[in-house]
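Pasting a structure here, questions to come.
Order of writing sets the labels: A, B, C and D. Residues in every chain begin at 1.
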Amino acid sequence: MLVEVGAIVENDILSDDVRSMVIYVPEIAAQAEPGQFVMVKNENGGTFLRRPFGVADVDRNSGRLLLIYRVAGKGTRELAALEPTMEISVEGPLGGGFRFDAESDGKRTLLIGGGVGVAPMIYAARRLAEENPAAKPVFLLGIRSENELFWQDYLQDFTEEIIVTTNDGTAGIKGFAIDALPAVLDKYDIAHIKICGPTIMMEGLAKLAMARGIECQVSLEKRMACGIGVCLGCTFEGRVSGRRWKICHDGPVFPAEEVFEQ
Amino acid sequence: MNFARLATDFAGIKMKTPVMGASGTFGFGIEYKDFLALDRVGAIISKGLTPLPRAGNEGVRIAETPGGMLNCIGLENPGIDSFLAEILPRVREQVGDTAFIANFSAGTVEDYGMMAAKLDVDGVDGVEVNISCPNVREGGIVFGTDPKAAAAVTEAVRKNTGKPVIVKLSPNVTDIAVMAKAVEEAGADAIALINTLTGMVIDTKSWRPLLGNVTGGLSGPAVKPIAVRMVWQAANAVRIPVLGLGGIASGEDAVEFLLAGASAVAVGAENFVHPDAVERVAEDIDAYLEARGLTHVSQLVGKVKIG
Amino acid sequence: MNFARLATDFAGIKMKTPVMGASGTFGFGIEYKDFLALDRVGAIISKGLTPLPRAGNEGVRIAETPGGMLNCIGLENPGIDSFLAEILPRVREQVGDTAFIANFSAGTVEDYGMMAAKLDVDGVDGVEVNISCPNVREGGIVFGTDPKAAAAVTEAVRKNTGKPVIVKLSPNVTDIAVMAKAVEEAGADAIALINTLTGMVIDTKSWRPLLGNVTGGLSGPAVKPIAVRMVWQAANAVRIPVLGLGGIASGEDAVEFLLAGASAVAVGAENFVHPDAVERVAEDIDAYLEARGLTHVSQLVGKVKIG
Amino acid sequence: MLVEVGAIVENDILSDDVRSMVIYVPEIAAQAEPGQFVMVKNENGGTFLRRPFGVADVDRNSGRLLLIYRVAGKGTRELAALEPTMEISVEGPLGGGFRFDAESDGKRTLLIGGGVGVAPMIYAARRLAEENPAAKPVFLLGIRSENELFWQDYLQDFTEEIIVTTNDGTAGIKGFAIDALPAVLDKYDIAHIKICGPTIMMEGLAKLAMARGIECQVSLEKRMACGIGVCLGCTFEGRVSGRRWKICHDGPVFPAEEVFEQ
């Protein structure tokens, strides 16, 4: 965990409201693991708190970190206005990230991403593909419409198959990720599921996974001030453990049982 | 950092620098060890402790506002007993001789006294009595807006501890000098101000308050001018030392508080943005003293020139 | 702009939109004619008038602060007589049928009454009684922090005018509801809040207060959460309509105030940054209503959902 | 007077702490006269109020406006970080600017600039040179040291002579502008003086000018919130008229007698 001021290498448009930012932050890139996140701040901007974003990928050789973000409010609007060579302060890597220990069984993982929740799954997919090239992860991609298909470019190389659902039916299966899940589970022998997306989406998916006895991890989001476990803005009570978890420090990834009713 | 220039005895609490981490924004100090040297921190002020463990408020607890933030954490904390048994020993192990101040509040005058007695142990260098948390009934704000009630709490704490007693005042009052004098007379060794100002944000999509607890406490740079004014007014009203805070983000900000009359300062919300802030602010104060040929930070205290 | 959706009768003052230019930030309205259409302004609230001309405070009068600004203008104004003789006729000529509200303050209860009587003339659609200017003795803040004094001023004004009387409250108080109720009982037709919060900036180079008057009034986006909270508390305490202001910079900001219970809003410091703000905020409210299929702005007032 | 969002064309370094910014704002450029000023705001920045800067020059053909500014605090630091193509909001032209009616006598003008107060004098010099090429203005340039000689490049073409003073003696005459003034007045037949610089500098110069009966205008500065005469942050009482002037609206240029004791 450190704060590193990095130069913006790219700040590109992926769709009407989604951008990709590549930042040169070699120390953080060297440490960041899939599922961890960073908090960024434009020191010349008009926002006060840092903004949390999942680590979408890193290139340790070139010291680069990839973020993919939706322009949602003031802070992300200001981020979108930055130009390459300008500086940005990055704090990270934060949180514990995904656990991959269960994957030592060699069985296949299903990754599910919804909306910008796909971002951290890119790095997770690459990690899994590199660790077990024989059984690359299957990816269930829940997006709004075909103009968000850009995610496929990032995922292609690291996945066995990408199953797409769109809300409006402009690509893949019309509907939500949950609608496609049973068929995916029938087709592949899935032992692990990792999900990042809106809570409502994760809830349905995680319940189905738990019902089928599949090991399932979900990545949570909550408004964060500190990102390091001191402000207590992001806590919740674990369902099984009864412990008060800090999403930023103890997560953002948790076993599904800790979060959703079985 | 020239510690000879910065060393501060604040109401009997020995600190290597005059810059503390403010309650609720600095955890128990040890969470910051990756970002700064804990032995270069003036004092760690703990998250607010309460008689029993508290889960805090439901719903959204954090909202950014222009130049600052609102919070309605609701004093989530493990409770005094668990703090004493599990956290304090770990803190003392890791922070060396850095001063540790326990912040606490309670729902009754008696419980304030009880908390003070329990905290009168080795490893705690002083207590900060929170009578100003706007987010929970047990946060004491009912005591913090009435001089008589504030005095009663102060007396109860005073009677039950040999530690230096800092009383943390609420800025949500008409006349801060009245509150400051009331707790001074009741035996406080120092006052701290400001706690947060009560604020509210409404989500224009849902028509609901954004925060789970409807209102929250405003802090950060946005409140700094109010805090400096109140520190100046309070310092002119009492003889006991003042701990100044509210929006400090830089050494220059801290110097403003010192000039206004604070004998020491604390960094709050800025810790979230720059987790090395407590150390950096002390360094910047040091550089400020150096540049002006001053030999000790106390040479700034209360030196604002009026008229 | 759909005026049918926006037209607002505020305490008897007929306005084409619910968005006014706040006192001291909108001149006499006509200064803004290059930047907006004056006949699309809900109401112009004049710079604060006083019994005699005032030169205002010496020295620096403006300081930027994080997310806002401090001012200590000190009620510079040409005085009531010169206003009536020279300015009001010019204003009425140029602003068409846009509502014009005269803001004023005085040093004694009698002078408040005298001012009200002088302003009870054609061309003035209402008066806003300032009992909350922190920058001069004659600004009335002594009246604004004491419910009895506030009531006395309100009564004096009430007796001396047939115009709608808006009393502008100070946020520098422990309990805004008490102040709101006091002036309601004393005969106010409406309340306006908030005026500025008292703040201070110290110049770390000179060790002097940056502002000529030592302290100044804080306004701008930084204070918005405090203002929304106070509007919500006041609106729940009284039956008369509330004019909400403090940090409004956008239509969304205005909607927050309306949901909190304000029947109309005013834009203050934001006028300095975006001189078309009063018109733009009204347009944005209109677009907000349109997007939600609402037929009148009153459908927002006080509709915040609690619990 | 209008608000125009313009693209930054150049944002260059002139010295350690002085920058030049060229902005494409054709409407304001078409209206701005010498001595007027603009108030700028970076909408993605962290400051609240606009910042006032004198119009250093305009190119009406290309719709460009030149500002020359010192990095003094947070706002100007943020300005300095902006890159060409980024947008900036400009309000102007504000104030009345210099009066040139007295110059119809055809006599020569002395322009005096101190520090960044030189900026608005560039445009004034060009105007005078264009109106009376036979008697271009003389320029007295009061700067801190030789690293601020860049001003000469802007003034060269529009001036008869540039007399330089530096505080540290690294270029021109060592000392302040006032030290060079008597010699300049001896050498040239000066009928008009226009000054922009720190108050303390203007005071000395203006007193000498007034003592010699030379028509003299000074350009004032004060912290401004609105720039259009409504906030009353910038008022002062005229010495001769006894009127309360608004620097932003009635100035920023005033006859020396209104400002300084004779």
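Note that in this section a residue touches a chain if its C-beta (ideal position, glycine included) is under 8 Å from a C-beta of that chain, and two chains touch if they have at least 3 such contacts.
Being a predicted model, the structure only gives us computed values, none of them experimental.
Enquirer: Quick check on the contact network: minimum steps from chain B to chain C?
Expert: So the least number of steps between the two chains is 1.
Enquirer: From the mean C-alpha coordinate of chain A to that of chain B, what's the distance rounded to whole Å?
Expert: The computed centroid separation for chain A versus chain B comes out at 36 Å.
Enquirer: Just how far, in Å, is the C-alpha centre of chain C from the one of chain A?
Expert: Roughly 47 Å, centre to centre.
Enquirer: Hey, how far is the Cα centre of chain A from the one of chain D, in Å?
Expert: 53
Enquirer: Mind pulling the residue numbers of chain C that touch at least two other chains?
Expert: Only 63, 65-68, 220-222 qualify.
Enquirer: Chain D: which residues touch two or more other chains?
Expert: Residues 46-47 of chain D touch two or more partner chains.
Enquirer: Name the graph shape formed by the protein chains and their touching pairs; answer line, ring, star, complete or other.
Expert: Topology of touching chains reads as a ring, each chain with two neighbours.
Enquirer: Among the chains present, which pairs are found to touch?
Expert: A-B, A-D, B-C, C-D
Enquirer: Give every residue of chain D touching chain C within the complex, in rising order.
Expert: Against chain C, chain D makes touches at 1-3, 41, 46-50, 75, 91, 222-235, 237, 244.
Enquirer: Which of the residues in chain D come into contact with chain A in the complex?
Expert: Interface residues on chain D, with respect to chain A: 44-47, 77-78, 81, 83, 85-86.
Enquirer: Show which residues of chain B lie in contact with chain C when the two form their complex.
Expert: 63, 65-68, 70, 145, 172-175, 197-202, 204, 206-209, 214-216, 218, 220-226, 228-229, 232, 247, 252, 255-256, 259-260, 288, 303-306
Enquirer: Sort out for me which residues of chain C touch chain D in the complex.
Expert: Touching chain D from chain C are residues 24-27, 31-32, 34-35, 47, 55-56, 60-69, 71, 73, 76, 220-222, 269, 271-276.
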